[in-house]
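What follows is a pair of complexes built around subunit A, which joins subunit B in one and subunit C in the other.
This part shows the complex of A and B:
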């Protein structure tokens, strides 16, 4: 393991140097809230921010992304034929991404990089992105990452992990990609990794995480029985189907594909979609397999906590960032629902959501 | 890396109005680049996304058979934005086809077996593909029964072909309509479940049923097959759901842990019994 000490006085300068090679993204204030967005030249990421309002998923998977361009001008020999847009952009670097958010890409990759099909857009963006993570020394009260497959110092999905040591960062360089970035930033003060101190920070941070989910029984519960469980109406009762949870979630990946025309030119693009919306499943015939609110709320939780578990046999599709818990306007709490699901069928299970 | 969202450019070579209400048309396409036809190697039961620049894509079952070379055919019901536009398009127009997508009827399992095809209305398209494929490979299959029904004689798809199939002695055709006002109508009158009860062979280990039709037909046909003793792993169905990507990425069409587009659209009833009824 290679470690580098970055004096905070060299932080802004290093990022500026790296910006000549990379497009930098990081937590910045946008209006009233913090977003994980592209950094304008000279703008520093706000490293004190815990969880940005929207997750960094847009770094790899923009809310709207052009897939093809076309013309319907009959005089053009390529009229009506889809063309991939030219891309000659610099590689990306996500600065100060939190370990849970970085780990979300590992989970989402299972969807976009399957044995049968590869999503060229997602994979291209993912592979060209370097993830410079920042450990969470002071997690939020809504964080439950340690029981959701990761943790405040989790390294999976990261290329570099920074820990804040007062006047400097200790950077653990985890991959070659990370090393390349560190060179591009000119941060080269190699040090012996302070393993003991690091473990102390990590343990202290983990101990600050007070909320938990239980997921141990999910894999072995019968899918159909859980789908038909009695608690879904209660769990969905207060939901207003606003879709906030799905847009803030780092592991939600659903999308729509649309064509948009301007004169005779147009683009086929994809944009985030949400299983909370009735249009999501509406058939041309008018039939809607998930026309009721309860069905859609159940879909969201079943997808994350059961279907994903069934399909990939590799944990839940949630990293415990707590955004949906913080921002749900009617206080639906995935931790409660997860625990309800996990205890389904137990002799004395709680029946109130 | 091949872009799975790229539609192969195709030209409309022929358009046939199939039904008396003119709501169903069959489009015959040829690929602008001949190598794309090779890439589009498919099996009966698969579907594709028909793509019209400026309007979008629609998932439609492939009605031609892989034994028919030089073209692909799709029969399209006029329903929404893309299909309505498609119905206004003309021979020679350029559009796109993305696929083939999804799984197919289990042809390896069906080899050497008796096959009972049960179809209703405009869901007969991939069944048409299957029948054409089986007839072209006739020695690979046992007895073949086809039960196909529509509301009226004028609503049957592929009428000329049906008449030819009626004449064959290696195929048991049971065409039916809900009602006929044509005094010359010489086939069955009655709903598909009733005709299935009358005509379908008894169940055995070597007989498989493929059902494709409107939900109401499936609802009433399944008890008939159950009563006949068809095992649920011998009943094969094809599902539909709203789709966008067609390759299991966008998550629109999931039914529990499976995607209709990628893990289906073909499922045995046995498998469907284990899934939520979200289709």
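This part shows the complex of A and C:
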């Protein structure tokens, strides 16, 4: 393991240097909320924010992304050719990404990069991105990462993990990609990794996590029985079927594909979609297999907490960032629903043989 | 306002016990500060789940749409006006409802409080005119009137306009408020300034449609933004498409919006899209003396036709 000390006085300068090789993304204030967005030249990421309102999902997977352009104008030499939009853009680096958000890409990758399917757009963007994480010394009260498969110092999905040590950062360089970035930023003050201190920070941070979910029984519950459980109507009643939970979530991956054209020229793009929208499942015939809101709410939770668990055998499709908990306008709380699902069918009274 | 909780439970228990209604729609305590969750109960012994405080800003009229059973619903001033809209627009029968009016002193603006507090808020308690806020290493107290939702701060219909029963005596209505000051400011701008203003206002929109879906007026079976044959609006983040959604939705609410604030409250990125609907509220008020949802006796101006209409285009 290689560690580097970054004096905070060298932080802004280092980022500026790195910006000549990378396109930088990070937490920035926009209006009254923090989003994880491209950093304008000279703009520093705000490292003090906890979880940004919008997740870093869009660094790799923008809300709308052009897949190709076309023209049907016979006078154009490119008529009927589907061309990828030209880009001379530099590789990306996500600065100050939180460990849960970085881990979300590991979860999502199982879907976009499987033995059967590789999503070229997602993979291209993912592979060119370097993830410079920031450990959470002060997690939010709604963070439940430690019971959702990661934690405030979790390293999976990261290339570098920074811990704030007052006047400097300690950077643990986890991959070659991370090392390349550190060089590009000119941060080269190698130090012996302060392992003992690091463990102390990590334990202290984990102890500040006050939220949790139970997931131990999910895998063994019968899928159809859970699907037909009696609690869904009550759990879904308040839902207004907006896209808040799915659009703020770092682990939601559903998209729609759209064409837009003007005259003979057009583009095909894909854009986020949401299982909460009735249109998501509306058939051409007019039939909608998930026509009721309860069915849509159930889909969201069953997908994250049961189908994903069964299909990938690698935990839930949630990293415990708490965004949906904090920002659902009607307070539908995945922690409650997860616990309801996990305890489904549990014996309600003791039986003594 | 927390004192209402006991009375609300008592009413819900009585209505269900006496089989006056099949369902009671109200709020239960939320799992995070400044959030309560709309809920329904069908058994008298569940009445103790219900709560009332300054975090009941979601408009419960939204939960009545297309329900078939006999329902009791707790309604603030604005909720009751949206219920009137629903009845006038034939979305629900007056007879299907038992309206329990809740005289309101305004709802707390969770965003404003979050913006004022020095750190993450973990607990909020209302205590008369004070709102006490706690975080990991701070405690603050705010004057309730400084942390109201902006629509509540200028609300002049805090008392329910239609009800079968009230949970408490009526509250005094505010009279010294300038309801449309924010709109007048925008009206005074030049067209270029307006454009820049709305551009900035709507730039953070992620098109989650929480504003639309939180609104009791937006009950169309298929919203125009979801139509695909023909498709009226593109689905990317193209600003023109985003504006089209917002401007058209606002027009669909003209003469109907009660300025309940549910839309703004629901927005995950803090956009005050109410400025659009409020402008139309102002127009309806100034042109026709109309305020939505105050009476069951009169049809709203935009669904009425009079042969002597002064406008040429309609003849």
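Please note the rule applied: the second predicted complex is superposed on the first by the 342 of 353 C-alpha atoms of A that agree within 3 Å, B and C clash if a C-alpha of one lies under 4 Å from a C-alpha of the other, contacts with A are read in each partner's own complex, and residues count from 1 in each chain.
Basically, a contact is a pair of C-beta atoms (placed from the backbone, for glycine too) under 8 Å apart; a residue touches a chain by one contact, two chains touch by 3 or more.
Everything numeric here is computed off the predicted structure, so don't read it as measured data.
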| item | value |
| --- | --- |
| Partner chain in contact with A:230 - subunit B first, subunit C second, else both or neither | neither |
| Comparing the two partners subunit B and subunit C, which touches a greater set of residues in subunit A | B |
| First, second, both or neither for A:277, with subunit B first and subunit C second | second |
| Which superposed partner A:289 touches (first subunit B, second subunit C, both, neither) | first |
| Partner chain in contact with A:256 - subunit B first, subunit C second, else both or neither | both |
| Touching partner for A:42 - first (subunit B), second (subunit C), both, neither | neither |
| Contact residues common to both interfaces of subunit A (with subunit B and with subunit C) | 256, 258 |
| Contact footprint of subunit C on subunit A as seen in their complex | 30-33, 35, 50, 53-54, 63-64, 138, 140-142, 234, 237-238, 240-244, 247-248, 256, 258, 260, 269, 271, 274, 277-279, 325-327, 329-333, 335-336 |
| Sites on subunit B touched by subunit A in the complex | 1-7, 9, 32, 51-57, 79-80, 83, 93-96, 215, 240-242, 244-245, 247-252, 254-257, 262, 274-279 |
| Subunit A contact footprint on subunit C (complex, rising order) | 30-32, 35-40, 58, 62-63, 111, 115, 120, 122, 136, 200, 203-204, 206-210, 212-214, 226, 228, 234-238, 265-271 |
| Residues of subunit A defined as touching subunit B within the complex | 67-68, 70-72, 79-82, 84, 111-112, 114, 116-121, 123, 223-224, 227-228, 253-259, 261, 266, 268, 270, 273, 275, 280-285, 287, 289-290, 295, 299, 302-303, 306-308, 310-311 |
